[in-house]
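Given below, in the form of structure tokens, are the structures.
The two complexes that follow have chain A in common; it is paired with chain B in the first and with chain C in the second.
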Partner chain A sequence: MDELIGILQEIRPEFEFRESQDFLADGMLDSLDIVTLVAALDKRYRISIRGVEIVPENFRNLETLAALLRKYGVSA
Partner chain B sequence: MNLRFTGKKISALVTVLPSRETRFEDEMGNFGFSRAKSMKLKLVMGFDRHRLAGEGTCASDLCLHGLKRLFEAGELRPEEIDALLFVSQSPDHLIPATSNLIQGRAGLGRNTFCLDINQGCAGFVIGLVQAFLMLESGLWRKVVLMNGDTLSHRVGKRDRNIFPMVGDAGSVAVVENDPSGPPIHAVVYMDGSRSGVLQIPAGGARMPSTAATAVEEDVGDGNLRSKDHFFMDGPAVFNFVQTEVPPMIGELLAAAGATKEEVEYFLFHQPNRFMLEKLADALEVPRDRMPNNIVENFGNASSASIPTAIAFNLGAALRERKVRVCLGGFGVGLTWAALLMDLGPMRICELTNYGCDD
Partner chain C sequence: MRTNVIEFLEATARRLPGKAAVIDARGSVTFSELLDRANGIAAAIHSRTPARNQPIAVYLPRSKECLAAFAGVLLSGNAYAPLDTKSPAARLRVLLGKLEPALIITDPGHLAELSEAGVSDDCILLDAGSTAPAKLPGRRTVDTDPAYIIHTSGSTGVPKGVVVSHRGVADYIDWARQCYGVTESDTIGSQAPFHFDNSTLDIFLCFAAGATLVLIPEEHFLFPLRLVEYLAAHSVRFIFWVPSVLASVARLDILSQTELPPLAKILFAGEVMPARCLNYWRAKYPHALFSNLYGPTEITVDCTYYIVDREFRDDEPLPIGFARPNMEVLMLDDDGRPAAEGERGEILVRGSALALGYWNDAERTAAAFVQNPLNPHFPDPVYRTGDIGYRNQRGEIMFVGRRDQQIKHLGYRIELGEIEAAAMALPEIRNACVVYDPEESRIAMFYESVRPVGAGELRKQLLAKLPKYMVPALMTALPELPQNANGKVDRVKLAAAVRERLYG
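Our next item is the complex of A and B:
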């Protein structure tokens, strides 16, 4: 999980991602941050997150993100 | 709907770009992001340079310039043009039709059938389908298809959803009969119930432009735009494209009895690099067979983006040989449409510049 938090903080260094259960509602990620995050995750884990899975529900918090990555065989 | 045509071809293609070029790095201060975030977006989305028409330049000017280029090159004579289609969301005026204005300025005959089509990102495919249908009637032999937009004039300069990617361009394709041509397959879908995700709210009869509609405001997404400006719900559009386009391409290939490997290039509308990479991955097509270099070099010029991609990426090849392509457009309407056809060889397939009055 630390690595995932590190990737998130590369994108938005001003936030503490462990403290939020809803990054979007709390204003920590916007839609363009999600695009940047997907590109970073794709590169880091050598995967390609499917376009249809780039929806808000998968990017709400650390648990939903970890669940998304597990679909690609990545344990974050 | 599935459509099949025989004996049709594009015999010439010119894409006209305004000569004025601006750069994302010079504009990113308008978008309210940190430099670091903007530079990441530049890399992922492909924001870099874009061509923007001067204030006095209309889409019709770009298209007329392309038409004159074809006349000058001896590729086409005015009297040969049976029909003129102008696909655009940037008409010169609400009345009259811009195609009529172009007919008059180009000195075309009174027998030329002129028609404006209000379509956006799928407009090149829709325009080709319309041209094929007209040729199919047997009444016409040459249809000139123009696709042009100067939407940069209707985008808020501080709207980070749209301004970094927008570009202006016009294209002119000559579409005619080719008895020896192989079948052309098309798939077209439209869904007006979702039209609100891409819209210019004010300026028509439903909401006339007023002083109030010209006021820029933040409606909660951090972007500054007015109701006179083009609005795009980015996440909704992204989801629409990723959900609808891959099955449409599968349907097209199945209808044609073709495989992905038989298609040399997938030339799609190009809103940004990221969207195209995700489409290529979803279709399991190598990314280099789905070029995504138009936004970074010229910007997204709506229905002119596919002809820009054809001329920029395949211009030299198409002057020499035939290339089997899948064309795909998706956006305003909502409309999504695709064509499987052969392009080339054609004597003229090129990009040219238009000097703007700026």
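Our next item is the complex of A and C:
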């Protein structure tokens, strides 16, 4: 989980991702960030996240992101 | 001849009063309601200021209320200046200092941000949502009066306010409506933020043709699947988007994974459209019209257009096409002579849609809007785009690139110099060079610092000074920036380093 937080903080250093249950509602990630995040996760874990998985439900918070990565066999 | 582009909306409100004009996340408004609200705003403006032909800034989120405010400003005989509600306070302060608006229309939720940017209360007009019957004692305009002012990046760090006339907009919209056959049966899916001039086409096609304008909620651009589902749910037929949004759908192959929206007209402008992305969309929409448009803000959105009429290989460049009616494109070589077919030259543009200049900036206006070098005989202004192009064997104009350090990123025109100026104003930075990697659409910065400072810390500081889309994605500290033979920072070398992924 620390690694995931590290990746998020590379993108938006000004936010404390551990404290939010909803990154989107809290305005912590915008469209550029999502693209950057998907690219960073793909690269870091050598996966290719599918378009249908790039939906708000998977990007709400650390738990939903970790669950998404688990689908690709990654335990973050 | 129209003397004010509000006449588009007035005519449609008479013809289709009960039809939905604008739909946003919170509901919809009909054409007659929209005009009544605009009249309410115009009445409020008149009660506060005698201003005429002055900028009135609109600081509201993308919404039907925001469009009513634009229409109200036009009715009052002034020019609307859309401001980005996501702009950092420091940039807003600089911009407003130059713009000196007669009033700023906002809502209670945004007052704090404006006061942080140094705006005093007597300049604020709160949008109370009031309406007034049509036809106030109007203060009308003539066609060469300003309709709107939209800001673009300036290399010195001060954004330039481009002043566009009623005639420019009316001419552009009359052409586009006819060229693309837009009617009230078209639903427009609007992507462009209002502070970006692509929004002009969306807004005024809605006003002029009676097409319903759907303001796609911004969060849908985060998730291309949701975006396409939203288009389908609203039966959107017409879109005018920046290529990067079309590419986000193509990259994830979203169109194979959900119901196809009934798109019939797909227009794009604002940056280079890769043929690979076009080919993806065309395969899914073999019967739709695709059109590539080109033009800086200074010539009312677009001055050339190309309607896709043949196949392109994935690696082939697309034409930007031909000058639209009432416009002429000149291509001049380094000696100021017309470039021959196939020969590169700077793109200069003349015609009805030329902007009036930059607001409060005679110097930069004089540098960009010059006398037609091919015609020394009578006043004949042309705009020097700074873009390089050539004509191919078919007579189509091809875009090659820029003469200077300006780039197009996510549809925004950005002076790399503005980013460098912001970085070098930070106490830690001694020297900075910003380059762009068009392949990966990312801005990269190299810097020398006075003390070790991390990319995260720099990013945070730059976010306070620049809009998000201007903050470099890649920041690399170097002990010393490389120099070329002239002793200047070697941009070519740094750009190559980014391309070859020596960093990041």
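To be clear about the criterion, the second predicted complex is superposed on the first by the 76 of 76 C-alpha atoms of A that agree within 3 Å, B and C clash if a C-alpha of one lies under 4 Å from a C-alpha of the other, contacts with A are read in each partner's own complex, and residues count from 1 in each chain.
Please note the rule applied: a contact is a pair of C-beta atoms (placed from the backbone, for glycine too) under 8 Å apart; a residue touches a chain by one contact, two chains touch by 3 or more.
The model shown is predicted, which means the values in this text are computed figures rather than measured ones.
Trainee: Once the two structures are overlaid on chain A, check if chain B and chain C clash or fit side by side.
Mentor: Clash: chain B and chain C overlap once superposed on chain A.
Trainee: By the touch definition at the top of the document, which applies to A:51: first (chain B), second (chain C), both, or neither?
Mentor: After superposition on chain A, A:51 lies in contact with both partners, chain B and chain C.
Trainee: In the superposed arrangement, does A:36 touch chain B (first), chain C (second), both or neither?
Mentor: A:36 contacts both chain B and chain C.
Trainee: Kindly classify A:21 by the partners it touches after superposition: chain B alone (first), chain C alone (second), both, or neither?
Mentor: Neither: A:21 stays clear of chain B and chain C.
Trainee: If we overlay the two complexes on their shared chain A, which of chain B and chain C does A:9 touch? Say first, second, both or neither.
Mentor: Only chain C is touched by A:9; chain B is not.
Trainee: Chain B clashes with which stretch of chain C: 92-100, 362-370, 434-442 or 488-496?
Mentor: 434-442
Trainee: Residue by residue on chain A, keep only those touching chain B in one complex and chain C in the other, then list them.
Mentor: In chain A, residues 30-32, 34-36, 50-52, 54-56 are touched by chain B and also by chain C.
Trainee: What residues on chain C touch chain A, complex-wise?
Mentor: Within the complex, chain C contacts chain A at residues 218-219, 221-226, 248, 251-254, 257-258, 410, 455-457, 459-460, 463, 468-469, 473.
Trainee: What residues on chain B touch chain A, complex-wise?
Mentor: For this pair, the touching residues of chain B are 37, 40-41, 43-45, 160, 221-222, 234-235, 238-239, 241-243, 274-275, 277-279, 281-282.
Trainee: For the complex, give me every residue of chain A touching chain B.
Mentor: Touching chain B: residues 11, 30-36, 38-39, 48, 50-52, 54-56 of chain A.
Trainee: Taking the touch rule as given, give the residues of chain A at its contact with chain C in the complex, in rising order.
Mentor: 9-10, 13-14, 24, 29-32, 34-36, 50-52, 54-56, 59
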